[in-house]
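Which chain is which? They are A, B, C, D and E, in the order written, and residues in each are numbered from 1.
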Amino acid sequence: MSNPLLTVEDVAVDLPTPRGNLRAVDHVDLSLDAGRTLGIVGESGCGKTMLSRAVLQLLPKKAKLTGRVMFEGQDLVRLPPESLRRLRGRELAVVFQDPMTSLNPVLTIGTQLMETIQEHLELDAPTARKRSIELLAAVGIPAPEQRLAQYPHQCSGGMRQRIAIAIALSCEPKLLIADEPTTALDVTIQAQILDLLAREQRRRHMAMIIITHDLGVVAGRADEVAVMYAGRVVERAPTRALFKRMHMPYTEALLAAIPKLETAPHTPLPAISGRPPDPTRPLKGCSFAPRCRYADSRCHEAKPGLTSAEMPGHLYACFHPIQMAEGIGA
Amino acid sequence: QKSGGSITVGQELDIPGFDPLKVGVYDTSTFTAAAAIFDTLTTLDDKGEAAPKLAVSWSHSDDYMTWTFKLREGVKFHDGTPFNAQAFKENFDRQKDPANKCRCAFYITNVKEVLAPDDTTIVYKLTDPSVNLPAVITIQSQNNAIHSPTAWKTKGDDYNRNPVGTGPYILKSWTAGDRMVLEKNPNYWDKGRPYLDRIILKPLPDAQSRFASLQSGEADIIWDDEADADNILKAQKDPKLTVHTYKGSGAAVYAFNTKVAPFDDVRVRQALVMAIDRPKMSQAISNGLSRPASNPYGDGSWVKCKDDGALPFDVEKAKALIKDYGKPVEFKMLVTATPRGRVVGQVLQQFWKRVGANMEIEQVDQATIPSRAFTRQFQMTPWRIVDLADPDPQMYANFRSGSPLALAGLSNPELDKLLDHARVTPDLGQRTEDYCAISRLINKEAIWFWTFQNTYYALSSARLKGFPKIYNGVIDVSRTWLE
Amino acid sequence: MATLELSMQDEAAPVPAGRKRRLGLLFWLASVWVAIILVLAMLAPVLPLQNPVDMDMLERRAAFSTEHWLGTDGLGRDELARLIFGARVSLTVGLIAPMIGLTLGGALGLLAGYFRGRFETLVVGSMDVLLAFPPLIFALAVTAYLGQSVPNLTLILGVLGIPAFMRVARAATLTLARREFVIAAEALGASHARILLRELLPNVILPLLAFFLLGVAVTIVVEGALSFLGLGVPPPMASWGSMIGEGRESLDVAPRLAFLPAAALFLTVLAFNLVGDTLRALTDPRQGAL
Amino acid sequence: MLNFVVRRLLAILPVLLAVSLLTFLIASLLPGDLALVILGDQATPENVAALRRDMGLDQPLWWRYLSWLGHVLQGDLGRSFRTGQTVLQAVAERIPVSLQLMLMAEFIGLLIGVPVAIACAARAGGAFDRFMTGSAFAMLSMPSFLVAILLIYLFAVELHWLPATGYVPFTEEPLNNLRFFVLPALTLALAEWPGIMRVLRSDMIATLQEDYIALAKAKGLKPARILFVHALKPSSLTLVTVTGINIGRLLGGTLIVESIFALPGIGRLLVGAIYTRDLVILQGVVLLVACGFVIVNFIVDMLYAVLDPRIRHGHA
Amino acid sequence: MMQLAVRAEPLLSVDNLVVEYGLGNKTVHAVSGVSLAVARGETLGLVGESGCGKSTLGRAVLQLRRAKSGRVLFDGEDLTAMEGEALRKMRRRVQLIFQDPIASLNPRRRIGDIVAEPLIIAGVKDAAERQRRVHEVLSAVGLDPDLVAGRLPHEFSGGQCQRICIARSLVLNPEFIVCDEPVSALDVSIRAQILNLLEEMKARFGLTLLFIAHDLAVVKAVSDRVAVMYLGRLCEVGPSEQLFANPAHPYTGLLLQAIPVPDPDVRPAESVAAGEPPSPIAPPSGCRFRTRCPRADQRCSAEIPELREVAPGQFAACHHPLA
């Protein structure tokens, strides 16, 4: 394959907090080719958002970032702010989790759409306006012309998320990062939004990173999935491979803990005991070890590195990979 | 003496207006304006003697009960109406009329009536003899300033702020609280005067910024007093500034309410007076500028006493008196809510504390003091005996039993007798005797006491010339010019 | 049940350790200053100070000396003693007046924000009346009527502060009253009083306290302004504000007479707020959680 | 919207009524008999009684209040016994000064406070932020009577840049008028900006944490646009409230600044009225000032709606 | 609504409940005539999109939001008619658990106090007795009372906070608990723990639950019967298995279709429902789902569909039910 569009090389993010240093992202490597979709899953606080912000260089001011984020051959970490700004919105776009809070409540939808277009494409106002209307129509918003003069609160959640997507798409970015784009939405709307994203991605040949905590969301939509736990990528594989032959006990447990429609009511769920470790107090060994049913003394002593599995492109970080796991369930 | 130019006068207070029926009594700021807008019958010359103004000559009956003034002819009010004896009489009658309930009427209770036998003659009929009437009526007060009868009749309520006189300056415009612009009266009877084209009067209430305005040139002359000693001393050293000062008669005084404890006991009163070290106090409040007073007349008055009976400064004696009194001495003194009032209050407090008397300062606004005084709701109140040409009006009002102004509330037949005698005696020597006896009596009884003699200050730019003596503390700029 | 194991131990210890680290030098300097000022003010009468009202009328505006460490003021009184006794008055007024605002305004705001409806309209309306009324007239009238004393002054400044505290408390309550823990308490059958005292008050008190600290500064300065107008503490008592006002008369002769109390006021206000901010950060559960 | 306006206007009336009643009570209970003040030194008890009767002072309080109210409702606020001016005349003379002072002070206060707040919020916790927070407290600790005289010494006496005191109406000499107002307005503004800065700074810091600011950054907008267009507007609600309260307060005059700079503002009028027991003026002016305050409050409410479309559209 | 009567005598029955909010001069029709019944010991799941009125219904049951009309009968007593003390007494038997566990705990009170609060309100004077009860429930939800009682909510994770909430609602031995999306704010890995815990508590204390959620799979995992709401109205009620296997209302069908399945081989169906949910301020006439329903016709806009039994125990309010 040619050079990947994006490579994340050994990225670590440290946040100083009153309770001590918090390692939000712990030496993560990823790569993504143009036009492909990467899903990142993991539970709350595992560092998904921090990772995506590291890619966008939008970390909190006090955060410390090490490693490299190569985008089209440039290291974003070392890019001067002005060049970075030109890149953002134009080449790199993002959609956030909560459509209620990610649009500015006091600016009209038109302003928020057009400002990006005018900033990056240097179009005059009427052209930008025309383009905005096209974009809104493309993401399925009825009567787009009227919408331009409206404010976010006058739209429903689903519509707001579509608008956010329209903004993200407005400059034909090469990479779109969607950070839990549907978590705040209903199932029916969620499905619409995910379909919309997939459609636009195909049409524009963008690369896309979908971040979610719902394995169901990535299952049908990502080419590759990375599972994160406590700041690390613990398993990475092409989607099908991951769901068919997962190696990481955490991935397995995560999948098992989701209630299934097929199972009968009142069936006890195989829950993962305990809770994720405190990120300010990193464990010496595997961070999943305290909750892992396969863990032994070795797991508590040393961190397993990412190892390749038999399938190409399948990596996992476990001393005791599940060998026989086949399909879903436990 | 150059004609032309304009000056700005920085005053202490806002001028409320000029209609005696409305404002009752003029304050010093109003005097300054009145001196420019109005004329009086007579004026004081440099030697402090009455000189002609609207009256060209005068004479009196032998008993000093009737005074006849000959008026200047051809004088016109600013509104074009003529000034004559009739106009003068109308001014007087308006104030005197009980229906008008004018506060100003009090000051003319000794005038029975004014007659206007012809256009240029007026006759004062007095109830008591007055030897010094022409000098007494020089001040540009509510009673003496002559208004145009036509003007007050036509303007009604608005006359107060649109005064019309015969004076050298005409009121051009007036913004309340800000500036009053006076323009030269082209038809002034005194040909060649006034010199300045324009006078602007501005209230600058804050002493510090008033002086700063003089320094920076916003004002050409400002009113000041010795409590602001630092600035006066600074101005004395500044070649660009001139300090005008006038050592007037009268004094800053305090009255005890002898009707209430502890001042119903003469020992306490005497002790408090003896506790005051005036030279030191002068140091403290005015860097030594204030002149200690031992009687109500002061060095500026013609009443000069060999013995005024002043109680000496004697801490030990004072302590002894208080001890003798036996009970704790605690009282409140009214003090105006100004930096000046507070400083004086605190210094007195300090002296009295040293002899074992506790004074509490009660700060009140200036308007409250008269009403508290008249209703006798005080233990001790500050007062002022102003710089009048004759001591009689004030002394009589302040000490004759039965007078609303006899604040001490002590009736002493001997004092009454002396007061009555002094006012009807034509002979100056005899009157001086009487007034010194009065002073001795008051000092002995210690019903009032005096701290400092009146000294008036005006600070001006050195270019301002022709500024007269500050009689009565009135800054009269109507005859000045700029160099 | 076997699945539920909680590793509480490893979290229990570090919290206090973490707290100590973040206080920093500035906080300690500020606390020391606050402590010194408070102690000096409290102990002023028993300290070996000169009498703050005794005048040496021939020693006016004396420079620093061994006899008068900070010199003397315009009436020859010991400046150091006046500063410390002034702290007594300024701090009393500056702390108690906002306290009145805090309690009354806080209570009104809390009730208005919780009960809403007509009561709220009434409270907000009466506060508007208080705000619409020129404060100086109010102060003048009260002193004219009740006389001039530190308690009356405190009362005036306290009452004038009520509307602001009411607003802060009401705004905080309005957002809190819709929070789930309040509804939860209601669902448990808690009475209004219980909800107000147990659920809302502990949460509303913090923004109020932050505002209180600002109020201290403002009150001390406003007391100075009232002194300037003769409505402040009765002389010869010293307060920082009145000292600044007196010192202003001799700015070019002895500028320190105005600037010493101003500096004391500044440092105290700054220190109070530094300490307050830090303490607030410490007790804020959200900040602590991060 | 119309409905909203009408409802707000109706809510104003009780406030004004209460203010007038309060003023009336305070003014009437003030020590110092008005008749005595007017009659002064020579007052005999009969004179006083007669005057009291003439002025209706012998009537019960409620009756006097009602009759005053009756006159006010007919548009007659009365006439000062002392200067003969009507309340409206007196206020008309003074209000331009107070208004201009207030506007300039608020303007300068915002001019200092807003940029400083934005700069501080943009780098919260940084050196500039700490320095400005300290300076804000320093300014808070400087009473205006001290600041005023310092400014006069510096700019008028030493540098001769600006006049020390005084005033000319804008209509006469516009430029000079502005020069006269610079120092007093600056004095007030120096006391205003710390409050403005603190309020806006903390709101800005909160806003800058919002998702939509992160999104604005992700859109590659220029930092200035993010701060001024995206962050400032939603952060300015409290600022507007505070400015409204300040304006309301300044409407009632600023006695100290007016006295020091010799400006003929409402403050001196009011205090003069209370000192001379000029109750007609006091009563009328307080009522008008309260009206002004209420109107400002009303404008603030409207501004909320302008600033926040959610309020405009009746959400939340 | 007699046909809704369940097997046994219902512990709770909601009869034609209408709840509205005033919003300026507009009215939000949050719940418009909902009737339900929950039998003793049963778990009724309530699903529906955000804003369809689930929480409002839950709160109206507890009388935290008074209904405009309709009745709520609990154990034969009409809660809507109750006031003051009587209502407060009744509240001990009916409890509520919220979606956001952290927000539903007062950040400034200690866990021990929070959990003891219901006892204090109920008038348990004896401190030792309170302590004992608090210990008991805290252990029951899997928290170590000695470690937990003295700490503040922020020191706990979401899952732990939800346990505390559950403990608080159990401390008075209630009969009925309204769970308002108790696991929506929790992580996948924690969610299962809490669901299991709820099930366990239910068995142990003999509880009856109204379980509100928007996640169908979650609802199914715990419910005996499921009710589906759309825009303030009930669309469908039925036994879980049956309803999930054969949804009768098009909306239920749509919901089922939209659930993302964690299996790469199941290609997600292209979303069927067009458009956005209408506003509860101006709900559509007739059937409220008609604006998004592929089957809608004239009749749907004219006539409000009544709940009808489409299969034994399964009721749907649709003019054109599926299959």
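As a working rule, a contact is a pair of C-beta atoms (placed from the backbone, for glycine too) under 8 Å apart; a residue touches a chain by one contact, two chains touch by 3 or more.
All figures in this text were calculated on a predicted structure; none of them were measured in a lab.
Trainee: Fewest touch steps from chain B to chain E?
Mentor: Steps on the shortest route: 2.
Trainee: According to the touch definition, list the chains common to the neighbour sets of chain B and chain C.
Mentor: A chain counts here if it touches both chain B and chain C, which gives D.
Trainee: Please work out which of B-D and C-D is bridged by more C-beta pairs in contact, and write that pair.
Mentor: By the number of C-beta pairs in contact, the winner is B-D.
Trainee: How big is the gap, in whole Å, between where the Cα atoms of chain A centre and where those of chain D centre?
Mentor: The answer is 52 Å.
Trainee: How many angstrom lie between the CA centroids of chain A and chain B, rounded to a whole number?
Mentor: Distance between chain centres, rounded to whole Å: 89 Å.
Trainee: Starting from the mean Cα coordinates of chain C and chain E, work out the distance between those two points in Å.
Mentor: Roughly 47 Å, centre to centre.
Trainee: Any idea how many Å lie between the Cα centroids of chain A and chain E?
Mentor: 31
Trainee: In chain C, what residues contact two or more other chains?
Mentor: Only 3-4, 6, 11, 15, 140, 144, 229, 245, 248, 251-252, 288 qualify.
Trainee: What positions in chain A touch 2 or more of the other chains?
Mentor: In chain A, 271-273 touch at least two other chains.
Trainee: So which stretches of chain E touch two or more other chains?
Mentor: 160, 193, 196
Trainee: For chain E, which residues count as touching chain A in their complex?
Mentor: Interface residues on the chain E side: 49-50, 157-160, 187-193, 195-196, 199, 214-218, 220-224, 240-241, 244, 254-271, 273, 275-277.
Trainee: So in the complex, the part of chain C that touches chain B is made up of which residues?
Mentor: On the chain C side, the touching residues are 53-55, 57-58, 60, 74-76, 140, 144, 147-148, 229-231, 234-236, 245-246, 248-253.
Trainee: Per the contact definition, I'd like the list of chain B residues that touch chain D in the complex.
Mentor: Interface residues on the chain B side: 10, 14, 16-17, 19, 22-25, 101, 103, 105-106, 109, 157-161, 175-179, 202-206, 208-210, 212-213, 215-219, 365-368, 370-372, 374-375, 397, 404-405.
Trainee: State the interface residues of chain C toward chain D in the complex, per the touch definition above.
Mentor: Contact set of chain C toward chain D: 121, 125-126, 128-129, 131-138, 140-141, 144-145, 164, 167, 214, 217-218, 220-221, 224-225, 228-229, 241, 244-245, 248, 251-252, 258, 262, 265-266, 269-270, 273.
Trainee: Please name which positions on chain D make contact with chain B in the complex.
Mentor: 31-33, 36-44, 47, 50-51, 79, 81-85, 90, 93-94, 97, 148-149, 152-153, 156-157, 160, 163-167, 169, 259-265, 268-269, 272, 274-277
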